[in-house]
Amino acid sequence: MKLFLWNLLLALTWGVATGEFTPTNLVLGFGLGYLILFFAGRAIGPSPYFSKVPQVALFALFYLWQLIRANLRVAYDVMTPTHYMRPGVVAVPLDAKTDAEITTLANLITLTPGSLSVDLSPDRRVLYVHMMYIDDGDVEAARRGIKEDIERRVLEVMR
Amino acid sequence: MSSLILRTATRFMLPLLLLFSVFLLFRGHNEPGGGFAGGLVAASAFALYALAFGVPSARQSLRVDPRSLIGTGLLAAVGSGLLSLVLGKPFLAHRDLWTIVTLPGFGTLHLGTPLVFDAGVYLVVLGVTLTIILPLAEEQQ
Amino acid sequence: MTIVLAVTIGCLYAAGTYMMLRRSLFKLILGLVLIAHGANLLIFVAGKPSGAQPPIVAPGASQPPAGFADPLPQALILTAIVISFGVLAFALVLFHRTYQTVGTDDSDDLRVDEV
Amino acid sequence: MKDLLLPLPLLVPLMAAAVSLLVPRRVRVQRLLAIIGTLALLGAGAALLIFVASSERIQATQIGAWPAPYGITLVADLFSATMVVVAGLMGLAVAVYSLTDIDPPREAFGYYPLLHILLMGVCGAFLTGDLFNLYVWFEVMLMASFVLLALGGEKAQLRGAIKYVALNLVASAVFLAAVGIVYGVAGTLNMADLADKLRGQSAEAGLVTTLAMLFLIAFGIKAAAFPLFFWLPASYHTPPVAVSAIFAGLLSKVGVYALIRVFTLLFTQETAYTHALILIVAGLTMVTGVLGAAAQHEFRRILSFHIISQIGYMLMGLGLFGLTSDPALKSLALAGSVFYIVHHIVVKTNLFLVSGVAQRLCGSFELARLGGLYSDHRLLAVLFLVPALSLAGMPPLSGFFAKLALVKAGLEMQQYAIVATALVVGLLTLFSMTKIWAEAFWKPLSSGTQATEMQPPQTASARTALLAPIAALALCTVVIGLAAEGVFGLALRAADQLANPETYIRAVLGDPS
Amino acid sequence: MGLIAVVLAGFVAAAVAPWLVRIARGAAGWVLAAVPLGLLAYLAGQLGSIAPHGLSVSYPWVPSLGVRFSFHLDGLSLTMAVLITGVGALVLIYAGGYLAGHRQLGRFFAFLMAFMASMLGLVLADNALTMFVFWELTSITSYLLIGFDHERPEARSAALQALLVTGAGGLALLAGLLLLGQIGQDLGLPAAASLEISTLRTLGKESVAGHALYLPALLLILGGALTKSAQFPFHFWLPSAMEAPTPVSAYLHSATMVKAGVYLLARLSPVLAGTEAWTWGVMAPGLATLLIGGFLAIQETDLKRILAYSTVSALGMLTMLLGLGSPAAVAAAMAFLLGHALYKGALFLVAGAIDHETGTRNVDQLGGLRKAMPWTATAAALAACSMAGLPPLFGFVGKEAAVEASLHHGPPWLATGAVMLGGLLFVAIAGIVGARPFVGQRTELPKHAHEAPISLWLGSMILAVVGLVLGLAPGSVDSSLLAPAAANVLGRKEVASLGLALWHGWNLTLALSALTVLAGVSVYVARLPLRWLLGWGKSLSRWGPAGWYELGLKGLNVVAAVQTRLLQSGYLRLYLLTILVTTVGLVGYTLLRRVELPRREDWFDGALHEASLVSGLIALAVLATILARSRMRAIVALGVVGYGVALLFVLFGAPDLAMTQFLVETLTVILFVLVFYYLSPSEPFSRPTARLRDATVAIAVGALMTVLVLVTASADWYPSVSGYYAERSVPDAHGRNIVNVILVDFRGLDTLGEITVLAVAAIGVYALLHLRPERRQPR
Amino acid sequence: MTEVLSSLLLVIGGAFMLLAGVGIVRMPDLFMRMQAATKAATLGVGCMLFAVAVHFGELAITARCMLVTAFVFLTAPLAAHVIARAAYSIGVPLWKGTFCDELHDQKDQQGPPSPEGSAAMSGQTDSKETAAARGTPSDDNAGAA
Amino acid sequence: MTPWVMMRSAMPLSTMTLTDAAVTLALIMTSVAMFLALVRLVLGPSLPDRVVALDLIGTLSVGFIAAYDIATDQPILLDAATVVALVAFLATVAFAHYLERRARDD
């Protein structure tokens, strides 16, 4: 089942790539995807596949907003002579469990300016994030910010 | 590298890159791409896998010895040219070895020996790059 | 315009030459790479590049739009790039093995057999 | 017919190599393929030569059926067809020799496919009628030679290979740049088309000559001409003998071939400058090479330096060609070069093969540690003496007639300096050969020699595999000498074709009508 | 046809000789002697038929080069051929005994037979180049025979010396012969015939002498002749060649091969002689050799070396006579040639027999052997008398003729004096060699002397007796053999008797002859004080030609070593530097010599392109690469260079190229990183001066390439072939991406070659990484 | 309208690019340089690709732009993460103003080999000490000289 | 639309379209960013700094190509950008791999 979903995704990607969403092209993409999955089969571990389209859309909008907002903040900092940063490496305990969840979360964290996933604890329970703006030195607030703003929403979408 | 994040992403990237590589191969005759670019992308995919998971896993996921890809690719490339030689034309004369297949709902497909040739190139490039990179990475690990 | 490209090519050749003349084998290889870039660009410029129109025929058309770039130098360079990639890979590993076996990065230490 | 015969010398080794690559662990199959492949290559070459010689014209095939100058043309004139035959012969001889000489690990790691691909590159360079394609074949040949040189990974091999690789890559870079510029100014890569177009550029002869210099450098390095030869003595004594032998026979000669090709076909605008320069280079190459050999005391190094020296003779014919307007003398000079190349390939390959047997019997290549071969190995002594004396130009062996043609042409053109050089260098060559003879053959084996270093062939078949190719090549040397008219007549006809580019141009581009 | 059989028979015999030795063992010499004897018989049968034109055969060999397999038998060649076969037969028999039981006897006979055949070929050949072929073959066989005792270093170096000296002369000869052919062509001979000696002789001497190439040709040919015949200053190789077994010395180095030079002069004198240059060029070295050889001979104590120097001296006599060139001189030369071959061959064989039986060749140790070795002694006595020029032996006839000739030609006091001086030295030498070992008291010897077996004395005896017989009846060889030979030398159609006779009556010649003998005897008597007196000469000879040879050889080695150390220094960077400097020099010079640099508007149109930005990026990245102080830094910077180049490709409409360049660059970086993982840090190696030098060269290279690009960009002679691709790509090749269509179709062969390169690179990398010496089992 | 939108996006994208460039030069330590550079550039690329999509207004090209954007958004954080992780592991120093380093503290507690030169300091609040503790000033020769 | 930056900037403002101006500005800004990245690449001080600079130049290239696409109306050039976007990060991964090995081995 999982593989089937994967295969479908690959077919769609093929469609996007070729820019032709004709049925034949999608079937071709599906076939190619099948072949590739056959050859790469062992590489792909367990991987959930969700189609929560509305959730995803909402999250995307939220994320975009985060992205722009954070970027502007950094921009201001970069362009102005004084550094306003209060950086630090913060340990964020994770609720995310699966590989996909953790990875998605980490990447999304990284993608927003001002935060950067540096490492994951060996037991996969803590994500260490480098943050540029720990306002007022409140580490806990920063930690909470990540958990509330991003992790919760990500898990909502993914679970 | 032991980063779970990289590994998980790599699991996703591998098929994506491979698909993209095949895409490059097939459209190469009409749009930018082709056997070289395709083969290099495919090789990059496995190189990434080898960096993330180690060479043995990469070899496992490849399933075939990259060296045999080289031989196969060479034979495919030569073979595509031999056909015309057998038909009494000069070597590598692709120009009359085309069929235009019309598929309902898709349009027309131009199929010819150059595709076989380019696929041979793809295989050789893939095989070669991996034959080079995997042992080197192995040496480091 | 040509002068800019010509000087760039000259830079690549000069830097490549200088690196090749170092005793360090690593720098020698670096020099070869730079010179390969220089040679590729030289072919490119010798083909008199003009515009940005790629030599690709639009679907349905039978010839590329006017002002298309000369495809032949591109094909030649593509071949040359791939060849130099193969050569470079081999040279790198050869260097690697030499370093492991002879234990040096200094080309002056390779004299032993000749003198 | 020509559409089949011309690509065959490329396809045969390529197929043999590809199939060998598919069975990496089945060394016996690879061995069999090595013999069959090289034999087939020889056959293909012979068929091509017969075809070209009997058809009385230059043959060309348009690969891909695209008309010249748009596609790639393979061209076989008598010169290139002859070279293909010789390459096939050397391939066969070395393949047989390799059965004993190459150790199982090297065999298992791709020795035979590499040999095939080397031959393919060599034949491609001989047959192609396209300048960039020539670059590609050079690279094929070069890459195969890189790997063959380093295969085995011994210290000396690696040291030699580094120098070999670095210096040859410089040549490739120069070549590539030159090709790019040629395309930039003439808009074509087809050599016949180029010949046609460059001839019409008398106003731009200066630039054409500048290009000629780039090619002179690029091919001069490949040909190991003075002062560009360093890669050769730095490396040829390091790989297994079979590899040295095929290198010695073929590689630098491809450079000479390319020089002859472009300096007869493309760059004949300012021969008083270009070919005079070639003649000077020829003389200096002869002298430095032979002096280099005189300074050596190792079998293969002596032979390596002699390659350089002999390259000078081959270039001498080319230089002389450009300095006369008499068509008969032009042909004589070029025929001298062609004949010299054929002779040299056979002889030099053979000498290297002999050096390998000597090393097996005495455990060393050092003259000081060799000895006693004359007393105990009569056949080997004869088999050394024939090519050695031939190399020194002793009559009635092949080398004598090669030198005779060049000396004759030089004298008739009143180029006395180069003739004197050629003759004196001949004497010094004799000196070197007798040095080897006296040390390795006449001198008794020194008592300190370790028996453990010797690796005499153990079985009769192993011995045959070593000696049969040597004997066959020695026989060739004798036959080429005694029946020199056959080969020299061929060389003269080949030279006529070279000296008249019009026939080449017409064969490729078709008649102007 | 018969002539060709004569030449080839020896080679066939040479090929079977080793097997014959295995079968016939001790009798092999006798059996093999049948070959030259048979040939002798054949030749004797031709005695009558050679006059006036001789016999000729001619087949094409390498006609394109003017080489014909053509032979000509006339008086001169017949004389030589008779000597070669006759002496050859005797020497073969002798060698069978002398080297009985030697394990390399088979090879010896093979070489000897091959030599004989070559020598026959030399004297019979009519085509100059064919003659040269055999000329060189005699040098090679001589080399192999001198070095027969190959385990001794002296033998090896003597063989080399002989080969190098005669080989050098041979090369000069080749050039000379070719020039002669050219003269012939210039004088109207057809190209095919211009190298046939018989044809060349039909040219008028005057026209040849008037040709601009006459002098060079003459000098070059002399170079060949004088070295081969051991004329001063090339004489030194001959005494050294005495390292050869005695049969070889007797045959090659006295009777036949050393006469090849004289033969050549004789053969070509109808073409070349008669000029001042000839007279002095031939006579002067002959005269010097005659005297120097004689003086050196009486200083020696080794029998063979004495004989060798006396041979040198005799060859000088022959050369001098040919240089004089008068009919009388030529006649004397012919007589002397034959006489010398007979007595000197005999004396050598005697010397060998003595050595064989007593174990020494030192004349000071020898004495009183006449009883122990009567046959040998008899032969020696006869031969010595002949050498001393005593009647009634043939040597006397020869000497008389020589004295006679010297009186009537040239500056009389010089030639006559030389002949007399030479003659008296011959007498003394004859005494030392032919008489001294046999007379007087028996001495203590390394071996107890017995008479040698018949094979060892038969040869000398026959030669000596023939000398006696011919001395008694000189007319028998005069008309049949020597007169035709002399006619050939003089280039005359009609054969006139030489007038050889034992008795010419009481005349000046006889008086002078007698005087010579008397003086010679006194020299013999006073030989020991003389040897002592002349001792300084020996120390002087170190500075003589032999010393020059040694010095030359040493000099060659030094020059070679220095040159090689300079050029092939082992430093890769110097190799690269040399190549790059050559490139810049050659290409730059040629460029500036003739090419007009493009005008400014051709390369700068006033506008700037996006490419300028990218170019700047590349240039800076390049700078960062070369200035990087660590490897990883350089690799990163190199990556930027690659990306920059790819961007340039994008800017000029090359997406395929850019794509591939990006990919390759990325993979290259990965490769670099993987490979340089292990590398430990290294210090900068070069000194500042070296860096400055290299930077200069590098800037020159860069400047050259820049100028080349500018020149190229402004030169646009013809439209590119690419128009065709644009036109045909879609309709014929079914592809819209023209670059890809070129790669897989229009120029698919390039791509095939290219993937082959890649495949090979992969094999190479794989093998380098997996196949390591330490992991390999010994084979 | 299309022209205005695409131009606007282009300029915004370019501005973000420039921001990335300034950021990578101006920021005081590696981690903040990455923060400034990678993300701004990613967003900038997104904007510019959006501009391309708007400019051409064709489905195929829009799809292509989406694809490229997706690729960039997929790979950029990965690259940032791996290099940050590696940099941290070789002890690239944090800025002296760095407020806390909980990863370092955690490593100290667990006791795996800490980067060389790091004293067993756990000054959670003293940023100067954190920087000092983490740090050998590491040129890239933390790998190769 | 002409690709010449300077030609465009030399154009009278009246003939310059909005897109021209935007493209010129974007290209210049991206180029400046590249130079700045190069500055970081040269300055370091640590290898990761340089690698990040390389990575940034890769990303900037994608933007550069996108802007150039608009400037020249050549969407096809975007294909090159696709490849950069997809594989350029591999170089960074390789360096990271190297650094981690190094850290572990030391």
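For this structure, a couple of remarks:
Letters are used for the chains, namely A, B, C, D, E, F and G, taken in the order the chains are written, and counting of residues starts over at 1 for each.
We take it that contacts are C-beta pairs under 8 Å (C-beta built on N, C-alpha and C of every residue); 3 or more make two chains touch, one makes a residue touch a chain.
Everything numeric here is computed off the predicted structure, so don't read it as measured data.
Under the touch definition stated at the top, subunit B and subunit D share these contacting partners: C, E. Relative to the centroid of all protein Cα atoms, the closest per-chain Cα centroid is that of D. By count of C-beta pairs in contact, B-G exceeds the other of the chain pairs B-G and B-C.
Rounded to whole angstrom units, the spacing between the C-alpha centres of subunit D and subunit G is 49.
Mean C-alpha position of subunit B lies 62 Å from that of subunit E.
One simple way to say how far apart two chains are is to compare their mean CA positions; for subunit A and subunit F this gives 15 Å. Separating the centre of subunit E from that of subunit G, both taken as means of CA atoms, is a distance of 71 Å. Taken residue by residue, subunit G touches two or more other chains at 3, 27-28, 34-35, 44, 47, 50-51, 53, 68, 74, 76-77, 79-80, 82-83, 86-88, 90, 93-98, 100-102, whereas all remaining positions touch fewer. In subunit C, the residues that touch at least two other chains are 20, 28, 38, 42, 44-48, 51-54, 56, 59, 72, 76, 78-79, 82-83, 86-87, 89-90, 93-97, 107, 110, 112-114.
Residue positions of subunit D touching 2 or more other chains: 14, 17, 21, 63-64, 66, 132, 136, 139, 143, 146-147, 150, 153, 155, 162-163, 166, 170, 177, 181, 183-185, 189, 233-234.
Across the interface of their complex, subunit B is touched by residues 74-75, 78, 81-82, 85 of subunit F.
Of all residues in subunit A, only 13, 16-17, 19-20, 67-68, 70-71, 74-75, 77-79, 83, 85-91, 106-108, 110-119, 121, 126, 128, 130, 132, 134, 137, 139 touch subunit F in the complex they form.
For subunit B in complex with subunit D, the touching residues are 67-68, 70-72, 74-75, 78, 82, 84-85, 88-96. Against subunit C, in their complex, subunit G makes its touches with residues 3, 68, 72, 74, 76-77. Chain contact summary for the complex, subunit G toward subunit B: residues 76, 79-80, 82-83, 86-87, 90, 93-94, 96-97, 100-101.
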